[in-house]
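Lettered A, B, C, D, E and F in written order, each chain numbered from 1.
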């Protein structure tokens, strides 16, 4: 008897009961200020994953050994950020309520807010580790407070000072940088100094959000606002492995892949491989949920 | 003394005082349900216009003789349809208040609502002539009433039954088509029968909205939701000429050009030429504002 | 409890027991002689279907009323045509054994041979209705008999003279055309004369194979060997509707969509819409399996 | 013993002594006013020809029977129109001196002037048959008289009034159209009325120049200035067949293919097929050189 | 009262009287020997600048504080290098005559010659600092001396030996490299050793010309002749900052962006950011004009 | 007298008798598991070579001094790996029989097997030096033993343990990596340690196979399965120069360029330059055949 096809990120088809980490996609990009198209990110990332192997020679681990379920995409309405965020929050809350770790795939960076709201309800003392090219600390963008350019500021509205740690930032307007100095820890330009922050975060619940444009556009051209001067793939790979294996990651996301600006598929491949390395490092870490 | 560069649609640089028609762009696409990118439409249409001539051999008229001002784009915030519509309405109202005709270039089709609200305030008995592949008559789209898939329904909220005339429609869900039968005049698939409607509209104020995807994707691939089975360029060209030269067009728009899906520029060229033919036909028509 | 995502052609998710038509994809293109990439055709066609509506204003029918299951893609090995054809034949045979109609989505045209072998075993008197730009009647292509350029010849090996009816053919080498005159019915260049053939085929089991490049490249650029001079979308739409509603179609396929040469998505949209119209016409036709 | 590869238009490899028609390419586009890239036209046209067949079912003829040599491209310097035209003229003159017919493949339309100068020296009473979207009748373009927008005007400088017959023209500035009415025969928009002109040209030497943008951009997007409203492929195919089989064509060219704006290859395929049909019609016509 | 839209590089809209640096574009590429399209460079660079911020975290400066006017593009005729160079020279001379610094945006590299001629007239002892992948030292290119492959040689015709300093060069034919050893200072492959040259140039008037293909194609694919083995974005960013803040730059240019070969926009973004960093470093430098 | 055009890799047109190295192309990609299109690799690499110079400033050598013949492409049938491999083997054997060095340009990596079979017959003690992102050590791929994912395993079938040296490998499934540890020397991730292996191989016959995807996708996006984390162009350039100048290279190949996924041409340029550097290093090396 034939059954319909199931399209998940490769090898992430554990039953709900067994899964420790649950992937879900949020194909939403209504507030993107430059080139849109991250709504196509989750599908491209999943599809490209089949060009990779489940085995990582970097970690000598295989995804077939990991307890991960890809629960698919949420159907989100373009044009209403609040409805979209509610739906994302609801999905993340359902995953958290079952004692599992939500792993969100964007979509534009605003989707983080939905997942983070749910995580914050469960872990009120959660810290945020934020890799990005942009500060995302604006109070509003052309009058709109729910914008991908404001998402970390919206998270700060919840957690307040001293809880947000940024790396790789190389773009933002002057007021954002000025505000940031007083309210968040910001390491600009690259991922140096991460070790110290990981020491500092030891044992604490961490939400880890990766805007893939932290990578240089040479490595990751498929994004809405390419910012030259970013980090290499290997630098990001090593950093996410360190974070996911050493931190108590209670939720995470990877976002801002816009595949229509990536004719070679190299950006989707980079995104898919970062997700693979994160999943492998999360699995069996002492810091499991 | 050097002045900054001014980029307008070709030859549309009349002073405000002289202009009878005023172009303005609304680079907005937050509610697009399929491929986004119409935010880049106004810029592409203007840029491509310089590959055309100001002279039309079809009408034996020249744009340099026409009283048109291109007033540029409005800066619109992605992520807030209501703010965007207010800004569009405000611009259209300013043009109307000066006794001129607003000519809006989208952006997604939702932008029509902003311009139409202003026109409707000035001309409460206005009719709508609507060329499109899609009915755009949904009550809401995934819970969002301000969506490009609902824009004509939102206009109907204002004008009610018997005022909306649709041509070229070839897509929509079943309830839309059923609702449409009772509330609007819909000529499906092509532009036949337009002459009769033009007779019927003679002397009445008309808002004319052209979703360029009424053309077949072979002619106009650069749009978010290509719908095979549309009309040819020549059919549309003749129809818009008839409408603009015979109707009392008090406002109009052309929308849904998404240039990033148009690598050859052919869609931008088609859009730019339709605008040229409309401007030429509007000029000096007995039906001037 | 969250379940993994299921990606089917829109609305084709009936349970196996209820389904009358069963879609399946064959992402295979190893023998393509010009531009490859039809392996990505089934996924693109499914994905694009969500930009369409389930309702067809042409037929006033809705796919949600039809008993169709999309059973997904077969995993096929590139580099071995025989292994691929066996797997396709096996799937088709399973569908036929359950009294259902197999509907194959290619992939290159060679995949037809796999499905047709199964159909021929069940219906030894089956006729073939073939829409294409190319004759596909070569004995071999550079020494390879299992090639997309030979697929109809391979079918003829099974059914012999008088059983194959071709329409739209406009390319082939001289020996193919000469051989064809003696062995198949070939209507060149367009779809005229189809009505007579449909009369002739009334009540007989028919396998219907649609190489989408029968359409003009203006409508359908996303294919490996664009052949200018083809039919319009509307001509093809009407023809497939006639075939599927009037013939006893016991199996069918749609093939040769190569989406990487289709940056606007217009070809995927055309393919998806042809499939919709075929499914709607097949449903409830007096000629059901 | 291995020899280097020879890349010609398919099947056009007759020895010089036998050849009646000699192809040559002029990869030049320095004066293109909009999108450049026709320098890549000859190579793309040749390469795409291998996706076609040598046999035409339209004419029931095969290129392997025709006495054609493809003599390759001339190496032309970008930045000097005069040097380029001299090199083209020299090649054409060499072909004419041997009693053969030059068949030039552009490049931008200016290259016609080089070939035509040679033809005009040999046939001072030659007429010009010109298919194009644009009049190309400007006296100069931004002060430059050797421009692709002026090429037919430069030919008129040689032949004077009454010798130039234009078809398909749908673009030009007002002075060009006005000038044209007094000096050339211009049939606008399509290819109707060609039969009468062919009757008129019977027996006279004709230079036939085909700017491929006479076709609609839906069929032929790969060109620098897409002009919607052009003719279909079949209309052009029939017209070039009529011209080449009925006229005394003493030289000809096909130009303005810009393949980098043609991701599907459909434009290159259309160009290659037009060349095939022209070569087949030229061969053995009573009007041979 | 509505005014027409003004499109400048972001924030560069100071009145002429206040401006210390004046940007202008030269959309010209007639002599490009490989892929053309740099004519679209200035428009793409300006448009992409709106995806950046006016604030640079590298220099902690903001463009809104700088006295820069973008005076738009010059209309240049394709096909006549001499006319184009005259127009460029005239614009640069006008800027210099007002005591301001001309900042040219190409277009192909030949445009440098126009600006440099004007600078050389004002500063006869000017030195040239040249970043590029190519030597550009040919005496002529296929007989054409005004070619982008000869532009630095043409500048040498003016300044003679010992005035030209090249960095990053990694391509050229053998005679160019041999000639260069005797006549210019050439640092091949990268930007090492720049500090020493800057010391040497201290206080002297310098014309600074940046062919963006000095960057590696991974960072900057959007150029006509990609040369693997180039420098990183950060290396170039630091070098241009050093040059512009430490040298007496009396004129400069940035050229060879060809945006149609840059589907992601990453090259335009890199170009726009290099311009931003140059403008910020030029502003208030002790070395102002 | 005009002769047909000859298209070779730049400057590689020595007569057969003089040539020491003979290039040939194998445009085959039937077994590619992810994105196909390497069949277009040889043509793109040759065409792009004309954008390079024959002179290398890295080695201070010029290709015009080297005894190389480009013998063009073999016509290969898609769909039959065995027929294709036989044709490749035959060509390589003919070159070897004449005492020359075969230099194969792919095509997918499977083509290596054809050339290597011929080399192995002539040099039964040959070693293999293998640069790649992938192990290519699978016993079969979905049941197909002749696959690009199995090519080095097929070579091992001939040479056995201890003869294969891999560098740059960063992808493969777990069993491949495990099998590899026992049977081949594998240096993962980069090209470090090459010097030691070159010492070890001194004087021995070596077949050198370069899968260009050993480079990072930022440098080389135009390939079927982009694997982030690869080596830079300069690292590869230095390594191939070392191998070709120090080893006794009796045959070699460069493969897996898929130009349709490389809109900027940067990948073709990188491939063409690697070939140039290899040819220059091979020429006059003490290790000549």
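Quick note on the criterion: contacts are C-beta pairs under 8 Å (C-beta built on N, C-alpha and C of every residue); 3 or more make two chains touch, one makes a residue touch a chain.
Just so you know, these numbers come straight off a predicted model, no measurement behind them.
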Under the touch definition above, the chains in contact with both subunit B and subunit C are A, D
Trace the shortest sequence of touching chains from subunit A to subunit D and report its length in steps.
2
Same or different: at the subunit C/subunit D interface, is the fraction of residue numbers used by both copies above or below half?
different
Kindly point out which of D-E, A-E or A-C repeats the B-C interface, defined as over half of the contact pairs being the same residue numbers.
A-E
Averaged over CA atoms, how far is the centre of subunit D from the centre of subunit F? Could you give it in whole Å?
41
Averaging over Cα atoms per chain, report the distance between subunit C and subunit E in Å.
55
Which residues does subunit C have that touch at least 2 chains other than itself?
33, 35, 216, 218-219, 261, 263
Drawing the touching chains as a network, do you get a line, a ring, a star, a complete graph or other?
other
Let me make sure I understand the interfaces: which chain pairs count as touching?
A-B, A-C, A-E, A-F, B-C, B-D, B-E, C-D, C-F, D-E, D-F, E-F
Within their complex, state which residues of subunit C touch subunit D.
33-35, 169-174, 177, 188-189, 216-219, 221-223, 225-229, 261-263
Of all residues in subunit C, those that touch subunit F in their complex
29-33, 35-37, 39, 75-81, 83, 110, 141-144, 146-147, 260-261
Residue positions on subunit A within touch of subunit F in the complex are 51-55, 57-58, 62, 216, 218-219, 233-234, 237, 263-266, 269-270, 273
Would you tell me which residues of subunit C are touching subunit A in their complex?
1-8, 13, 16, 22, 24, 43, 47, 69-73, 91, 94-95
